[in-house]
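In what follows, subunit A forms one complex with subunit B and a second complex with subunit C.
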Partner chain A sequence: MPPKYHIHVGSVPNRFQSITRSGVIAWEEGCLKCARCVKKDCVYKVYEKRGIDSRQMLESLDSACMDCFRCVQNCPNKLIQKGLNPAYKALGDSYWTPEIISGLWYQSEAGRIPVSGGGYGGAFSGAGFDAMWTDMSEIVRPTRDGIHGREYISTTIDIGRKVMALQFDEAGALTITPPPLVEIPLPIIFDILPWSPPREGINLAFLKGARSLGTFAVIRQSDFIPAMEEYIPNIILYIDGNLSDLDKSIIKGLRMAEIPYSNEAINAQKALKEINPGLVVIIRMTLNPHASEDVFRLTAEGAEAIHLCADEFGLEKADAPLFIKERIKEIHLRLVERGVRDQITLIAGGGIAMAEHMAKQIICGADMLSVDIALLVAMECRVCRRCKAGIACPVELESVDPLWGSGRIRNLMAGWQNQLLEILGAMGIREVRRLRGEMGRAMFFEDLEKEIFADMGKRG
Partner chain B sequence: MDQKSAGLNITIFFCQQIDPDQDTNRRALEKELGKRIRFFPLPCSGRIDPLHLMGALESGADKVYLVTCPEGACRYQEGNLRARKRIAYTQGLIEEIGLERERLELIITPAGNPVTVDELARGLLAREALIGPSPIRG
Partner chain C sequence: MAHTPGIELFKLPKKRPVPGRFRNALGKYRVTVSNACTNCGLCLELCPYGVYKGGVKRPRVAQDHHCLGFSCSKNTFYCVNRCPEKAIQIKLNPSFEILGDRRWPPELLASTWHMAETGELPYQDLNYKTGNSGGGFDKIRFIFPKKKVHSVPESKISTAIELNRSGDSRPRITIPVPFYFGGMSFGSVSIVTMLSRVRAAAALKTFCCTGEGGYPEELIPYDNHIITQVATGLFGVKEETIKRVRIVEFKYAQGAKPGLGGHLLGDKVTPRVAKMREAVTGSALFSPFPFHSVYSVEDHKKHVDWIKEINTRALVSVKVSTPTDVDMVTVGSYFAGAHIVQLDGSYGGTGAAPDIAKKNIAMPIEYALPKVHKFLCQEGIRDKITIIASGGIRSAYDMAKALAMGADGVCLGTADLVALECIRCHHCESGRGCARGIATTDEELTNLMNLEWATQRIINMYLVWRRQLVSILKRLGMSSVTELTGRFDVIAHLDYIKQEDVEGELDL
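Right after this comes the complex of A and B.
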């Protein structure tokens, strides 16, 4: 067995105090001066370590408080209360919710998985990925001693075109040249951000993180700077400009490149392969209602990998857009039906905000995912989109230290990988490649609704 | 000259009840004035502590406003009344160190006349500048 892929985590503290769900409202006026104040009885000693961050006017009290409510309950004059923090409610939007953002911050700080001790208190079903549940009821053989035990659960993915059968001549020599494949230990690549403050430091953090994890970051041709040359083995260069503007030595050093989808995409792929035959070329396509037909045609023409990109809310580009999981499902099933699914690698991106989204997207038929905003959130982004409007970033992401940023990304990815392993372990699946398209391992709200309610009320 | 033209740095603490959509409404001013204006929404104006007010002055504010919900409308019953006491106490403290007490001001929003945080801040910026830049700014 090869050595286990394990992501080592470490504490990478916040640069800015994180915004908490609630804040302590403690009034001094009316204090009875009890001999033993409830504040002194705090088991977490939050009142003793009180400090204020005057940049953001955030109190250390709030982030240290564990919501045990002992002080609130025990103050004899009821001078301590807890109130919902308006800054927390303002985080993100209806898709990138405050709960998702704070969960990502928590994972990025130390690589731990968030555990909600009080059970799940949310809605039973919702939009997007919430209309789908992973199903562990058909466990074949769960892991004997946990995800980090003796058994090996692989999260490795091969990117590139696969040959369906080898051909040999009469002398027994191979007559075909197998196309190049790139193996990565995690079904995730880092994608171009839809918005961000000036991103030089952010991109370097992505690349540093990608290198330490053994994966890749997509870098736009126009964002490529000489300081990135040392990371070339971990760069997927998105060539959306003129190919002749690029130094050929850079293309020769690359293992993967990305090109925009067009009718000339296959010719562009050939042109790149003439410079570097070992290059895996990914075609980047905006997800749209015709995507399944386009993907099938590209597969037939010899495409190696296709990166299907939804927007930041996981929606395709259309007047009545479908959510990414629905469209990927359709594409995957179309390729399965035509018998060509295994030839090509499908990468799905856009709206991937949690570890469970990763597993759910793979179940819907993607080989792997691309992640974008979640990585920015790992570096304390609040998804306020002020940068998009030309307003200063409240957490100064433009001046992020790449070393610190890569540590946060690494922690987040460790948390996500552990959660993926938990899902695979519970399902009795030993490698993530086997999870692809395993729709029997999930329940879909629409299907259940149809199954249960469609015939109700029918007479006879 | 109004406070905006005088180039004063303004910090506004405000009760969240005033404008539920505060995060969106304040962006136009943030874009226009950059670091010259800072907004801090509070779960209740009674949460304000002299430390917050002093911290704002220390970090370069020339004028600090604390905006409370209308009297009798506090969801914690007495928060806005307590905010008034904190302001008065902190005004005394800054006077002792040689700063004008006008650098801190309490604004109580009138009942029955809801305003967005943007309208409110623009109204405050349009006020006559009675004080100059803070000596703490150096």
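Right after this comes the complex of A and C.
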């Protein structure tokens, strides 16, 4: 067995004041100057410790406050209140919610997974990924200890074309050359951002992070700069311009490349493989209503891997778009039906915002995911999208230090991997490859709601 | 089903007012009296709810959580209008909206506190029936008959259930209320919290589970009302404790973290906790998942037999979570010899757990219950086993809906903690534990709460729950709570039914 894959995490503090859900509002006027102020009685001493939180000397009161309300409830003149922070409510949008963003920040600081007491406090269900639950088993094989486990749960996947059977000649020698495969230890690659401030530093942080995790980052041909050469083994170069503009030595050094989908895609794949036969070529396709037919055709023509990209809200390109998990499900099932699913690697991306999305998307048929905005959020992005309009980034992402950024990304991915292990452990599944397409081990809102609730209230 | 004999003898404990522990209770409204006040005392006289107390310079707003709020303006005693100096202002309390969460919105918290404090239903405009989660119980409503049904006097309505329906030779155990209290281990909650729940259970003649953390000596006087738990870590499980009780519970999984083991942080492992669990002070304790001695239904039967052998009069309960095949799991437990199966839905629980597990793994109880009930009916064994629902039952209405959806009774936990003034900050696990002294073993924090106070708060709340249940049964024309089980025809889901589709009145 290979050594257990483990992501080493460390504390990588915020650069900017974090935005908390609520804030302490304390008035001075009317203060009775009690001999023993309730602020002194704070269990967590947040009033006494304020301002000395980290080396940045950020105001710590609101981020350290544990919301116990004891000061609010004990001040004799009711001078302390807690209020909802409007800046928190304004974070992100209806998809990239304040809860998701602050959860990503939390994980990126030290690689810890969000843990809390008191049961679940959220919505019963919701759109997209919130409309499904994953299975667990009361009694299964003893692989079940999740992140604290004694036994190994693998999150490794292979990218590339798989041969379904080997062929031999009469003398018993192999007559085919199995196509190249790239193995990565977690089912994630980093993708091109839909928007960002000038991204040189960001890309370097992605690459440094990808290297430390043993995975890859997709880099657009036009974004490739000489400083990235040391990262070539972890780059998936997206060749959307002229192949002739690229130095052949770069292509020869790559392990993976990506090309845009077109009718010529298979020929372009061949051309690249002529330069570097060991290259795994991924075809990047915008997710759309007829994707399953295109993916099937490409598979039949010899494609190795297809990267299916939804938009940043997880929607395909269409007038009435389907959510990524629904469309990938359809594509997966189409390939299963035609008996070719195992030959090809499907990478799904767009709207992957939480660890659970990763597990759920794999259950719905993807082999692995690409993530983008979540990594930017790891570096304190607030998903305000001002950069899209050319307005300065409030957290100065254009000047991000790649070392700091990669540390944050590594922490976040460690949190995601641990959470994936929890889900796999609860299901009693030993490796993430087995999770793919396991829709029988998931529960879907649309099935359950109708089955359980539709007949209620009917007489007899 | 016929009335359980002997149940009429049951005397309910008395309610008693038990105000909150903190100076300023958290209410929906904030009442202020400005400098313009001349201390004429009219507001004190007017307010029937005791919002004001006399003060030296001006009246003190002592209990604004009892204020009716803006809806009081139609009353002749509305202090804001009547104040000769116009010195009184009522505003929404800004701190109120950040309390709780979607499952336990501030109004549900405040109404639970009100019940625990007064033993009465809230009269303020607080929604005490549903939360704001947008699905499940929060979208299910009762359909009450419009026409006057054959009505049973409230005093004749039975809320008792039988826990041993198997017909075997073990004792029949009847509890006069269709609920008992779920396990919270010593270590996760303070001894005061634990004892208050046990004492409330004893007063209500029902049960409280120890959870997986041993059986503190303080519990021994209440042996007859205790369910002791055997869970995967086997912490604190002894032959002697198993012999002591009338019900033993196997915890295969829990809704707080389906498919995951338990984890008690090192900070909470005080010398006393360590001794009870036969572990080392200050070291984190992991309760593994699953039982490493059970990989089949046969193994499970071996477990059940083992307990039955050690304690020949005990009933065996099996607590499971809600996977896709929860119906098969229940049938398996029945054939292994369980008397009770507790289905613990994935949205509940009190213990610390990874957020990813709480939200995503296993299904909500609202799905699992009807699935199990219908399957057991098909198998012809529904009346041989007691189904207890738990995991996200927050109110008397949730309880009644769970019964209509196929449960015989429910198991509760979070609501007890809310009665003890839990505000659902979700920080039970960090640092010294709960800063409000509920889920902590820190000595100073534990002392924030007095045992008598806590016991009575829980009793008060459940007395109100029982009254609500009785009034629901009365409106449905039922004389026993056992008639409500599996009555899918008296409830409806708002996504599928509108008022015009039903004969009765949809309780919106």
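The working rule: the second predicted complex is superposed on the first by the 433 of 460 C-alpha atoms of A that agree within 3 Å, B and C clash if a C-alpha of one lies under 4 Å from a C-alpha of the other, contacts with A are read in each partner's own complex, and residues count from 1 in each chain.
Note that a contact is a pair of C-beta atoms (placed from the backbone, for glycine too) under 8 Å apart; a residue touches a chain by one contact, two chains touch by 3 or more.
It should be emphasised that the depicted structure is a prediction, and the values quoted were computed from it without experimental measurement.
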Which chain, subunit B or subunit C, ends up touching more residues of subunit A in the combined arrangement?
C
Touching A:Glu449 in the superposition: subunit B (first), subunit C (second), both, neither?
second
Classify the contacts of A:Arg441 with the two partner chains as first (subunit B alone), second (subunit C alone), both, or neither.
second
In the superposed arrangement, which partner chain does A:Phe69 touch: subunit B (first), subunit C (second), both, or neither?
second
Give one of first, second, both or neither to describe whether A:Gln81 is in contact with subunit B, with subunit C, with both, or with none.
both
Kindly classify A:Glu422 by the partners it touches after superposition: subunit B alone (first), subunit C alone (second), both, or neither?
second
Once the shared chain is lined up, is A:Ala389 touching subunit B (first), subunit C (second), both, or neither of them?
first
Pick one for A:Trp27: touches subunit B only (first), subunit C only (second), both, or neither.
first
Where subunit A meets both subunit C and subunit B, residue numbers
22, 25, 81, 83-84
Subunit A residues touching subunit B in their complex are 22-23, 25, 27, 29, 52, 54-57, 81, 83-87, 90, 384, 386, 389-392
Which of the residues in subunit A end up touching subunit C in this complex?
21-22, 25, 43-44, 66-70, 72-76, 78, 81-84, 103, 113-126, 133-142, 144-146, 148, 354-356, 359-360, 419, 422-423, 425-427, 440-443, 448-449, 451-460
So in the complex, the part of subunit B that touches subunit A is made up of which residues?
13, 16, 22-23, 27, 30-31, 34-35, 40-44, 46-47, 49, 51-52, 55-56, 58-59, 76, 78-79, 82, 85
Along subunit C, where are the residues that touch subunit A in the complex?
20, 22-26, 30, 94-95, 97-104, 133-136, 138-140, 143, 252-253, 255-256, 258-261, 263, 286, 288-292, 294-296, 299-300, 320-321, 323-324, 329, 346-364, 366-367, 370-371, 391-392, 414, 417, 422-432, 434-436, 439, 445, 488-493, 495-497, 501-503
